[in-house]
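Okay, got some structures for you below.
Across the two complexes that follow, chain A remains constant while its partner is chain B and subsequently chain C.
Presenting the complex of A and B:
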């Protein structure tokens, strides 16, 4: 999977933004993401790219937990250069890997939290898998900006402290055309909420092994 | 019965009828069995061909399942994924990994296709790497499948393959793995062995012939013939007969669901081999039928013979009876209890009855006269009579008393019988009838019961001949014993009543009337020496006579019961 990303400097900690660069702040924004049928879409990454200049670098640690033989969260995003931990909260071992060009790595059979976090320094999508549990899958989108969020069950994501002019982009695992991401430009204030409508494919995630616990899907 | 064929004998007709019946029944049953056999065989062959088709489908699906499972394993193989992810630098390792997997799975080919449907690695033909994949439809089908898999029969480079496509997952699809299993002669042979059929796979190209053979259980030498036969006669989904290598094959041609072309499978069974057990059955049946027919011939011959033989014997016996033979032959008992035995017994009784009647008639002829007996049997036997003009002849022996005293009774009876026999024969010879014997006396009638036109002359001739016969008898019989006998004869013609006289149980045919008395009287007159004659005839008789005789007039004599005296003559001899 290839994704087209822009490099912008941004802050990871949105709360401190108004304190530091109050004049540059464009404000907070709620982004609603819906599918072609108008239903709210969860697990969509929404991120903002400033129209002018680079986004500030606010590298912060990320975390993808393995719990109940699932990756949590299913979809996450990090700014390029971030370190991500993969703590194993299960009693069984996992073998986490990625063959994605943005980050190839593997954490062979381990329990607990590996000593070294994994550095994600290349923009793009990283698809995580587990060599022991075929159904385990998670996505980490490596973005060039500190302004990003993932939609909740209501299909909403909150972006705070956005610059005055920026482009919003959305990505979701089921997106039909992932080479040309939906994009909207925000200019000035007065855009407290923005909505996206995505063209999604059916959810074809693997059925979980019947010996596993849980709801048998995911 | 009205037979189109004419048989001279009942036996032949019976035999023909029953044998025809048996032959028709046997032929019909044989025909029915024959047809049922053929129908059954045809149905069985058809069923087995369809079963073969199902087995092929199952075998194909199982092989595809197997390939699919193995491909799925490969899709999750971490080492393979690692090799693939690092293949940009090391294509040789990747190719070896693929060949290794291809061999593990025993697939015919393995192709790794990019998500953009470009061939990344073609296991056996590296030269195709980088080109567009030639089975894009299969990838499209996999893309649309929920489990991202597709399978089917495909034609590739003029060969038929069972092909599966699965994604290489990391854990999302990063490429397509395409595995092909060739449907070749070995596969055809395996299927043929399983189903006991000939199996051939055909590339039908654009649909109508010419076609090519993809795989077959037939050897190369026969394949051109096979192809020609199939192209000419075989119709899809229909069971037809084709001749290959001088053998008849029942053929089922079924379209194969090939994604990228037209192909068919021809399932065939050797008809002659299939029919062999039925042929044996038919042969056995034919032998049984012929044996049955032969037995019928013997049985019918025997039955017909047992029917016709006694009938023939009865017919022969009937002929003998007709000829008057009532001996032991005609009265034989056939010794049977059936209808023919009854017939034989009835015939026996009838013969006995006939013999009895003949005996009675014979006896009647002896105790009466044959002519009277005939008259009695001819006419209805009733009492009563009719008036008739009859000439009555009476004869009586003279000097018989001393004879009867001198001879033993048996000897007497013997000479008497000899005398009477001679006299009776003479009466018979002249058409007269001996009416009765009274001791040595004899009464004969001329003109009764049968009409006689010259009754008087016949009576005269009789009397004269009797005289001559007596002379001869005297010389031959009586004189040797020391006696000479004479006789007296009286003849008269007159009207009498002739008929049956007596009671209804017992009666005689006789004549009653003056005429009889006159004749008797004339006979007794011969004793009179004055007349000097032994034959006295009445004038009435003399006038009645149509022939002339020498006579001597004796004069008139009174007769008791008659008012007119009777003129009498002595009969001397013929003129």
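Presenting the complex of A and C:
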């Protein structure tokens, strides 16, 4: 995951959000996500929806970098209304696009950082691709809350300053049934850790390695 | 200026004009092949089989001329050595230029690719040495995340020092690939080729003489054979599997079956190839 993006998320989760919601905070929470075989699941978005239905707006900027012809991070989340930058750190041009209903956009061939960030103002999943390098793929989940995090290699995510009563939901790109997300309700200052078990499909991404058959890559 | 000269100058110009922020192409491939009928003979007694070892290098650039149009330019070097029949040992230098237009955004968008390549092949048996020219147009479409199809037409000219080894051909091909996993790709293809072939036989073969455009006695297989050039139709099937070892390295295995006919004559070739391919 991009250090820049992590820093922004960390800054928001550690400092901004706790300060703003301190009066209604139910504390911090570690969420562990595992698959059906009990293995830690990385790149799962965990987010909290206040039971009151009122989530404060903490629109922080996001960033999805293109580096070594890959999107970094592979999975990220932003609160609806956030702006996301797509800096190109490669020496070749990229052409970023999304066909997703939550955000259809295109950044035609460019190098460096586009002048204008992209606004993500509709809830839902946005799948990113690069028209030059077909194997490049990334996901941005646009959520209605400032309380979200993405699991690390240990399958863990930390949520800070949660409201007193909230529902936790989890999404991951390989989730078998993404129309019915796993959910748990938290009330009061209970257990500081929660775990989810997800039923995941095998990972499949377009191949990057050379082939002897030719596939229109060039 | 010869066609080869024009192509080489075009390559230099294109390399010079290629997009500054294009991507480099640095491909290396090595393979070992077995062919059961290297002599393209239609009588079992005349058939000669052999193993060969080859190295291929491509160096060049590709880049986007517009959002939809990609230019690829490479310089290519091929070397092939046979275990027994040295006359087929060869070194080929060539250049390739290709334009690919994509009808829309993303991996699922159909594309058309036009390619031209030219070069020179030097054989140990110098009679086979000569220019190479090829043009090809390919239409392709990825139908699902895992399954892709393409269809192509190609025209080939192979030159030799003598008429027997001059050949031209037209070919139509259909190819399909299926990604079983992120690392394992299966492929299958069919090709219909129409054009000149070189078939070797122990004389006398008045039946082939009657069809031949030209013929020449050679010692390629250690005893007097006659190389006949005649027009024929070849149907080919291929099956392949490609296993990605890393992001830039893959191991490929391929089987090809070729069935060539002309009038009452026919011969079959079975080719097995194992190759390792890296792009960095």
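Just so we're on the same page, the second predicted complex is superposed on the first by the 188 of 218 C-alpha atoms of A that agree within 3 Å, B and C clash if a C-alpha of one lies under 4 Å from a C-alpha of the other, contacts with A are read in each partner's own complex, and residues count from 1 in each chain.
Quick note on the criterion: a residue touches a chain if its C-beta (ideal position, glycine included) is under 8 Å from a C-beta of that chain, and two chains touch if they have at least 3 such contacts.
As the structure is a prediction and not an experimental result, all values here were calculated from the model.
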Touching A:131, do we find chain B (first), chain C (second), both, or neither? both
Is A:91 contacted by the first partner chain B, the second partner chain C, both or neither? second
Compare chain B and chain C by how many residues of chain A each one touches, and report the one with more. C
Touch check for A:178: first (chain B), second (chain C), both, or neither? neither
Touching partner for A:109 - first (chain B), second (chain C), both, neither: second
Determine, under the contact definition given at the top, whether A:99 touches first (chain B), second (chain C), both, or neither. both
I'd like to know which partner A:203 touches here: chain B for first, chain C for second, both or neither. second
Intersection of the chain A residues that touch chain B with those that touch chain C: 95, 97, 99, 129, 131, 134, 202, 204, 206
Show which residues of chain A lie in contact with chain B when the two form their complex. 1, 95, 97-100, 104, 127-131, 134-137, 202, 204, 206
Sites on chain A touched by chain C in the complex: 91-93, 95, 97, 99, 106, 108-109, 111, 129, 131-132, 134, 202-216, 218
Chain A-touching residues of chain B, taken from the complex the two chains share: 76, 78, 81-82, 84-85, 146-148, 169-172, 174
In their shared complex, at which residues does chain C touch chain A? 19, 21-23, 25, 27, 29, 62-64, 67, 70, 72, 98, 100, 102, 105-107, 111, 113, 138, 140, 142, 145-146, 148, 150, 175, 177, 179, 181-183, 185, 187, 189, 240, 242, 244-250, 252, 254, 275, 277-279
